[in-house]
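These are the structures in question, set out in turn.
Each of the two complexes below includes chain A, the first together with chain B, the second together with chain C.
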Partner chain A sequence: MLKKYLYVIKTQIIRSMAYEFNVYGNIIMQTIIMITSAYFWRALYKGQTMVGDVDVDSMLTYVIMSSILSVLFITNVERRIQNSVEKGTVATDLMKPINVFGVYFAEDIGNIIALVFQNILPIFIIGSLMIKLPTMANPKDIPLFIISVIESFLINWLVAALFGMIAFTAVNIDALIQVKKHLLRLLSGSIIPIWFFPVGVQKVLEGLPFVYIYQLPLSIYIGKGSSVEYLSQMRIQFIWLVVLSVVFFFVQNKVIRKVMVQGG
Partner chain B sequence: MVRFFKELGHYLDVTVHVIKMAFMTIIEYPSNIAGWLISNPLQFIMGFAIIKFVVESFGQINGWTYGQLAFLYGLSVISHALSMIFFVQGWFMGYFVIEGEFDRYLTRPLGVLYQFFFTNINIFGITDLIPGILVFIYGCVKCHVVVSPLFVIQIIIMLVGATFIRGGIYILLGSTSFHTRSAVDFGQYTQEIMDKTTMYPLSMYPESMQFILTYLIPIGWVSFYPVSSLLGVEAKFSGLVIPFVTLAVGFIVMLIAGAYFNFGLRKYESAGN
Partner chain C sequence: MIDVENLCKDYVLKSKEPGLKGAMKGLVKPNHKIIHAVKDLSFHIDTGEIVGFIGPNGAGKSTTIKMMSGILTPTQGQVLIDGRNISKHRKEVVKDIGVVFGQRSQLNWDLRLGESFELLKHIYQINQKEYDKILDELDQILGIKELLDKPVRQMSLGQRVKGDLVASMIHSPKVLFLDEPTIGLDVSAKYALRKFIKEINKVRHTTVILTTHDLGDIQELCERLIVINNGVLMEDGNLSEIVDRIAPYKTLVVEYYDEVAPEHTRCKLIAQDGNVAKYRFMKNDVTAAEIIADLSKEKTIKDVSIEETGIDDIIKIVYGA
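Coming up: the complex of A and B.
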């Protein structure tokens, strides 16, 4: 059973390797974005050492690690669902002896494995040389960091997949994909950590799943907060993971039944 | 001369029809309209809110007050919106090259670049325009700008130039697809880089980067230099002539982009080969 998915992952890795220029182009673009962000924060911190309990060095680490996580959190599932609904291939996909969403998940995993070498390593090296070495504040928190990143990855994928499923009713979801992207970019703390936001806004955002995608693992990495705080936040992160998984499986069964009915 | 005007008239005629068609196609997917209406304003309203939060936490950004930043941000979003309406296709040029879509354009008796941009005109760009104008007006009020005819002319000239600079850059990046044969879409990245360099004061970046963004990739002329001369904040270049410099830079970038596109088009092989 698992072997089929491993095969999908392998094919996707090979497919991702096909276009060399894309790889270099992506690296260059992402590096430029990362370096401009670093200068942005340096300029803001000019003449100030601590803002919002964080100093400029931690903020630079935050920027580098955020760039790396954003590569890890690239998903293609929304577009895959949209394409297969638009072109009607979803019907034949569902006939295959393998779960469609499992295939999409495996494809995204394959893509990310390819990206580890194509993007994450280069970004890490360039970031270390040109900005600073992104060292972890408290190395004893490494297990917490790894667990929270895995949960973040899953939450991010589930949110993407749920958005993608809107395609079953709306067919074209280009605009909705953009909505999701902006919500995620700005509300997850990936560009600007939400501790710079007013307290009221922070409270609202802490109730939403987005901050648990970027800001929680990044806070653990730069050591903003204590282990007790991390654990209580990770509890909320886990609750979101469970809630989104339940919603995902519920919606998945619903849309599959819908397609089946349409197919006769 | 008469022939030239006849041709120009023909192009204008086609443009009107094409815009009509664009309106028709956007109503094809109703959920999409709603989506764009939410997505685009949302992006800029949130972006603007973030500037407010940052200014509140840090006091000011490199000597720029909140009102001045709103002015800069608003103008930057407006020129972004205009470039989205007319030139966003440049982001997707790669797909046109790979799928052999230029075949259709090559067989018609109109300029290829004209057809490429205008038959795919993106009416949805208007949804970016509205938040831009709102933030800009807010910035004008906060900065106590005196709205004189001269001011309006300067703004318009500058926006035309800024749109050309952005459009030219999209064409230049898109035209690389003729040589690389890949459908990579750098649009999102381009936008992110442009956001960072046009919506905030360029002076917060190091000298070397400012030099590149002034003379090599003239993004600084999109908003930073004209705005800093209009508002008189740390003006490196100042005077009434600055908006016209933006316009001139826009024309130059466009000319280079057009030439590079035509150079690439010669390398274009249609889908059949």
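Coming up: the complex of A and C.
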């Protein structure tokens, strides 16, 4: 059963390798974001050693790791749904003895595996050479970091997939995809950690799933907070993962039924 | 093999009145209109049949074939494949079904053709031995192996259709649904497709159901014809039987040496153009030879020919055009 999906992943890696220009484009974009953010933080920290319990070195690590995570969190599922709705291939996809959304998930995994070498490694090297080596603050927290990244990845994918399902009613969601992408970067603390935001805003954002995508694993990485705090936040992260999964399966069934009634 | 029982499909269509006023009205009180695309279809198809669905655009052919292949859920009625209701047992039944929809390819644009097949092999969990066997078999009909290394996006339409046919047969389905497979194909690709359908039907006893606008497909392939118009079953039966029933006549064309054409009591003079006269006679009533013999007693005949009623004429009659 799982073998099918593994093969989808393998096929997707082959496909991803075919688009070299995309790969270079993202490296350039991430480099620009990293370097400008580094200058921004250095300027902001001028004359101060600590801002919000974080020193400038940790903040620079945050920037580099945020760029690396953003590659890990690239999703294609929204576009994939839009394309298959537009071209009407959902109907034939549904004819195969495999879950369509499982296929989309496997494809995204395949993409990311291809990107480890094509994107993550180059960005890591560029960041290390041009900014600093992004070392982890407390290596004993590595298991927590890895678990939280996996959960982040799943939450991010579920948000993207739920978003993509809008295409079943709206058909074209190009503009919406852009809005979601930038809103997510802002609300998740991927560019500016939300501890720089006013307390009221922080409270609201902590109630939403987005900070648990970027800020939580990054905080663990740079050592902002204690293991106890991490665990309590990871509990909220896990609750979000469960909630979004439930919503996802519910909406997925509804959407498939809708396609079957209205035709692809 | 396939039982279609009282199949109905309604679509809800939001109809808007023209102009700004209509748009506003549509927002407040949407005007829903129900379209009955398919009305109460019932028929039975046996294993190994090749059945052609014909009907004008919008007649409900594609809707019917989509319901039969489990893509659409019927509003009423049911489709049984080997006794299993396709809407309820989709997951099992889809393994016995192959589909080719003329305008939508199921091949992967970014992959080489062979990679697309490998992916399907894994999705359908076919073992290597079986996979090699079916690929060899299909290669003999379509010559697909020379295309395996070619990226799908570089293939011509004809090559892509061949690829799609192989993709639809790779899991050896019992039933193959083809929705306008010959659309846009050139003569040789059409020929290959027809040969493919005949071969898989003969060798593997695959039941084939196809919709088409190409009457050549029907004449070449289908022993059985189902004619649908406005979502209603108009005709169902053997091709020659339908022709005999709807148009039980032939046309005799006689060329004389002058412009006076004699009448005949047992056939009807339907047209006359100069020296050429056309007589319509009932097939089971009189033979062409008798009429020619009678006519030649009255006038000297230069030339004769007989026009069979073709499928084109049948379609014109059934469609009411």
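Operating definition for what follows: the second predicted complex is superposed on the first by the 259 of 264 C-alpha atoms of A that agree within 3 Å, B and C clash if a C-alpha of one lies under 4 Å from a C-alpha of the other, contacts with A are read in each partner's own complex, and residues count from 1 in each chain.
As a convention for this text, contacts are C-beta pairs under 8 Å (C-beta built on N, C-alpha and C of every residue); 3 or more make two chains touch, one makes a residue touch a chain.
Predicted model, so just to flag it, every value in this text is computed and none were measured.
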Clash or fit: what happens to chain B and chain C when chain A is overlaid? fit
First (chain B), second (chain C), both or neither: which does A:Thr135 touch? neither
Per the contact definition in the header, classify A:Asn253: touching chain B only (first), chain C only (second), both, or neither. neither
More residues of chain A are touched by which chain, chain B or chain C? B
Check whether A:Leu176 is in contact with chain B, with chain C, with both or with neither, and answer first, second, both or neither. first
Considering only touches as defined above, state whether A:Ser37 meets chain B (first), chain C (second), both or neither. first
Regarding the shared-chain residue A:Ser226, is it in contact with chain B (first), chain C (second), both, or neither? neither
Using the superposed model, determine the angle chain B, chain A, chain C defined by their C-alpha centres, to the nearest 10 degrees. 90
Which of the two partners, first being chain B and second being chain C, lies in contact with A:Ile191: first, second, both, or neither? first
When the two complexes are superposed, chain B comes to within a least CA distance of chain C, in Å, of 10
So which positions on chain A get touched by both chain B and chain C? none
Spell out the part of chain A that touches chain B in their complex, as residue ranges. 19, 21-22, 25-26, 29-30, 32-33, 36-37, 39-40, 43-46, 48, 51-52, 170-176, 178-179, 182-183, 186-187, 191-192, 196-198, 201
Using the touch rule from the top, collect the residues of chain B that touch chain A in their complex. 29, 31-36, 38-40, 42-43, 46-47, 50, 53-54, 56-58, 61-62, 180, 182, 184, 186, 189-190, 192-193, 196-197, 200, 204-206, 209
Mind pulling up the chain A residues that touch chain C in the complex? 3-4, 7-8, 11, 14-15, 18, 87-89, 91-98, 257, 260-264
Touch list for chain C against partner chain A, complex: 11, 63, 66, 69-73, 91, 94-95, 97, 99, 101, 104, 106, 108, 110-111, 115, 118-120, 122-125
